[in-house]
Amino acid sequence: MKQLVEIIQNHFPINDIDLRKKSLAFISIHQNQAIPLLEWLKTTHGYKAFVLLTAVDWIEENRFQLTYLISNPDNFTELGVRVFIDREKAEMVSAHHLWKSIWVYQRELKEMFGINFPNSPRVNESFILEGWDTIPPYRRDFDTKQYSEETYFPRPGRSTNDPAKHMKSKLYPKD
Amino acid sequence: MDYSLSRFLYTLLGLFIVMNWGMLMSSTMRRIIARVSGRIGIPWYQPWIDLIKLYSLRSQITHGTMFYLGPVFRLMGGVGLFLFMPMIYGSAYFMNYSFSGDLILILYFQFFGMLGMALGAGEGGQPYSAIGISRGLSQFTTIEVPMTLAVISLAIQYDTLSITEIVKAQQGSIANWTLFTNPFATIAAMLSLLGAFGHSPFNLVKAPNEIPIGPPTEYHGTFLGVLRTNGAILHVTEAALFMNLFFGGATSWLELILKTFFIYFWSVFVGVVFPRFRIEQSVRWFLKWPTLIGIISILIWM
Amino acid sequence: MKKDFDKDALSDMYKDKFLAPENEIRFVNAPDGSIIEVNPLDDYFCQERPKELKPRKGVVEKFLNWARAESLWVLGFGTGCGSIEIPPLSTPRFDMYRFGVQMRATPRQSNVFIISGYLSVKTLKRAIRSYEQMPSPKYIIALGSCTINGGMYWDSYNTINRLDHYLPVDVYIAGCMPRPEALLAGFGKLKELIKEGKAEKANEYIQNLDWYKANQKKIIKDWNMPDYNW
Amino acid sequence: MFTINNDRSKFPELDDAGNALIDLTSHKYLKLWQGPQHPGVTGNMSLELTVTGDEIVESRTHVGYLHRGFEKLMERRTFIQCFPTCIRLCVAEPDPNEYLLSSCVEELAGIEVPETAQWLRMLALEMARLQVLLRQVPGQAGTFALGLGYQWGNYIRDLILDRFEELTGGRVYHMYILPGGVRGLLPNGFKNRLEENLKLVDEFLPNVWDLIYTNSVFKKRAKGLAVIPKEWIDEYGIYGPAARAAGIMRDVRKTHPYLFYSEIDFEPFTTDESDVFARSLVRWHDLKMTVDIIRQILAKMPEKGDIKAPTPNVMHWKIPKGETYVKCESSRGEYGMYLVTDGSDKPRRVNLKGPSYTHATSVLEKLLVNANVADAAIMVSLATCPPEIER
């Protein structure tokens, strides 16, 4: 993995390198360079299998992290390519021309995070939710408990305890 | 032909016996299938309870006149088949309304129910029904081919179109049965029976895995009750047809019960270990070996 | 949108926002030159209120209830995790056929609807549609804790918490997940209720239709139905 | 005289963007929905099929009927609370979920799992695979209406679930593999009772072979149906038995040995036909192999030993910032979990990647085109598990 990361470093400006395991590494790259990097890895380094694409909402830093996890089926290594995009204007270049199944992930991200992938096939069709009219649910600022209490009918009598505090009051009532 | 009231009442009695035997037979077959898979299966009286429940449902909807008439036509197919079929050979009471040309009429009634069902289920407007109907009609057309060839062969062999005459010719000893005197026709007909009884491998028409559950998808309550009643009658009567044509007929109700049971069991026996064919595969299958055997049986008697 | 719909009970369903283009009102030129208004939603939603179907009185009803109890036809619709425990019911270990319980593939022929676990909003819409297609008398068995109070998913944004606010429930089976034996016991309980004539929740649904419909409409915003070009 | 053109691959014609040119108003086509209320689909999902006659010309997968928002729910639960939540991600085979979360947490927190616990984890994972395959192998014939093997298989599966109950207390959801180890040692006499059940599987295997794989009708239906070309394996991301049926070795246990799989002697079966029959055959060999692996585990595992590494108080367990991807082999193929932590006591983001995600959406949509409506059961051969698609 180390050699590969060094080779990439020679060609692309990557930072934030995390050599997690013998067969797994994460690198970060700028938004504009990401798709060329993926294409380069696919064509020249055998990273032709696509594993997953997902997003992480770093609301404190006001940005989304997109992780493209790709794998090399010949030497069984995996590489995670992290891309940070602006949270306000969440948009990313679609990669559906590289892998045939990636459009499903992009469709899900559009729906669950509100990240747009222009020109991706069927990206505007709803995938999981139906008739959803508030902010996309996987964003950190969407409070699922509050939404659930407002929308559905909680059965009276159910109380919620913070486990740490509850156990403390049960085990050490005097403190 | 005798059109007296007593003949009519005896025919009704026969119909009643046939219907109940059909239901008992179907529950027994389901119990046998259950035993093969290691279960106990439904209680033997389950079909009757199901029937009572179906007739007593409170809400029923309809999709139009033909939707009503579909089950009626289907029942007519079953009852019509029964009416012109001599059930017990030698009995004056249970000859029903058989006459000298009844074989042709019975072949027609076999198809009649299916056509009525097609009209009724089509009116239901359910796409599954439509696909089931188109499958059913195309498969049933090819089922008829070997059956008709076998019947023609029999007509040549016995020089008659009356079922009673055919049964009469088979009396005396087991060696007189068509099974032994005309084995090719018997084989062709028994293969076409597999399709007519609607067990796998030829039950794609009402395949619950793909088009739940084919033509009767929209039928419920009384409609379904009528269809089930008809199913019970039809199974016994069709088995009785094969019994009359190939297995020497029956001289008593006990003989009829035994023989129809084993004829029905043949289709269950094959069905339990085979998956179902696709429709074009089953069409090809029927047009290949059973048809060929049917033609051979005719050529032998020409 | 056509404003006349405000009069009827189902008016809130027609939200412009989620209306599929093929369901919008359109005008069609008839062969004789006149213009006909076509509203596809009229085909999907019956404007008529369902009628209450009261049980008869006396011995006949008792006998019929006995028959209904001994012949429970279950709709084959696994709505949640609980559907993993339904196939074992039809296999040698548990064999529900012994008790007159059979699986049916279409709602038109089933009497019992097992809500097997949590219902997401998307499934709830289909479950309501399936339930309303079933002929009366019909019964609902709610399987698992998630149908009672949300269970594991009490704070989820996409699953309902209490099934009895959307559909009338006859028998609850608690647990996550309930064992097949519990389900068999649930069938037994349902049989008892039917034989005693207490399983009349289908009528309750019709009596309180407005309340149920209001609850349903609160969470299901997209009422478009799959389009058959039939 | 009778020339039937079986090559329907050009039908329907596609436009430049790859969409089928279908005029629904021409009355030549029919929209057919399979599911969600449908006994033939695997779980609660639906297929929107456009058919002409009996032939599917376009297929669309619709999922989301089982969406509970797990990834959101786990973001507001502590790591130990996540653990009973995440096992409900896939109902049919919950143990890989437990294992993945545990090993993600262990990897980020830097915990070494004791040896006995690792063997017990392997046992639990293999037993889970065994019970799934006991349903799946005859279930494939079940989609073609041969339900007999399914009944036999399910009986033995119930017995395996009994063993699970003995080991873990749960019939379907086991909650056995905890972060740091497992919950308990084997009960007394467990090995003998499991061995008895494995003997039943040994008897079941030749029976189901005779019933299904020598069955002429099953061969006729399944051979040549829904062939996945070799190139698709990487292009689409196809894993597990579906890839092995295409002759490409995809088994995480072999390629990235985790736990003690490197000490076990097994060779996954591969074949080249890549149709429904081949995938079913691969599963049959998998079942055989799983029995063998369980026997080896029982023979090699230590009787006693530490089963849980010391962990901090789980109520206040904070895990350092980081991210990782851990995978294991489920019965459907590579099953992976991507976990991001931010230094708090709750995960920042959990993403579960199962093979069904691509199998049921993009691959199935392609495979169903030009197939028969009766063959919509192709999806069973891809072994889709809807809850793992939408989570």
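Brief remarks follow.
Think of it as A, B, C and D in the order they're written, each chain with its own count starting at 1.
Here, a residue touches a chain if its C-beta (ideal position, glycine included) is under 8 Å from a C-beta of that chain, and two chains touch if they have at least 3 such contacts.
Bear in mind the structure is a predicted one, so any value in this text is a computation, not a measurement.
Taking the definition of touch as given, a chain qualifies here only if it contacts subunit A and subunit C alike; those chains are D.
Note: centroid distance subunit C to subunit D, computed from Cα atoms, is 30 Å. Taking the mean of the C-alpha atoms as each chain's centre, subunit B and subunit D sit 43 Å apart.
With each centre defined as the average position of its C-alpha atoms, the distance from subunit A to subunit B rounds to 61 Å. Separating the CA-averaged centres of subunit B and subunit C is a span of 36 Å.
Within subunit D, contacts with two or more other chains are made by residues 30-31, 38-39, 64, 67, 69, 72-73, 76, 151-152, 155. Shared interface positions of subunit B, defined as residues touching 2 or more other chains, are 37-39, 127, 208, 212. Counting only residues that touch two or more partner chains, subunit C has 76, 91-92, 105, 122, 155-159, 228, 230. Inter-chain contacts, as defined above, occur between A-C, A-D, B-C, B-D, C-D. Interface residues of subunit C, counted against subunit B in their complex, comprise 53, 55, 64, 67-68, 70-71, 76, 91-92, 95, 97-98, 100, 102, 104-106, 108-109, 111, 135-137, 228, 230. Residue ranges on subunit C touching subunit A, taken from their complex, read 17-18, 121-122, 125, 148-150, 154-162, 165, 215, 218-222. Taken in their complex, subunit B has these residues touching subunit D: 36-39, 127-128, 130-131, 134-135, 200-201, 203-204, 207-212, 272-281. Residues 128-133, 137, 142, 144-145, 147-149, 151-155, 158 of subunit A touch subunit C in their complex.
Those residues of subunit C whose C-beta lies close enough to touch subunit D in the complex are 75-81, 83-85, 87-88, 91-93, 103, 105, 107, 118, 120, 122-123, 126, 130, 152-153, 155-159, 176-177, 179, 226-230.
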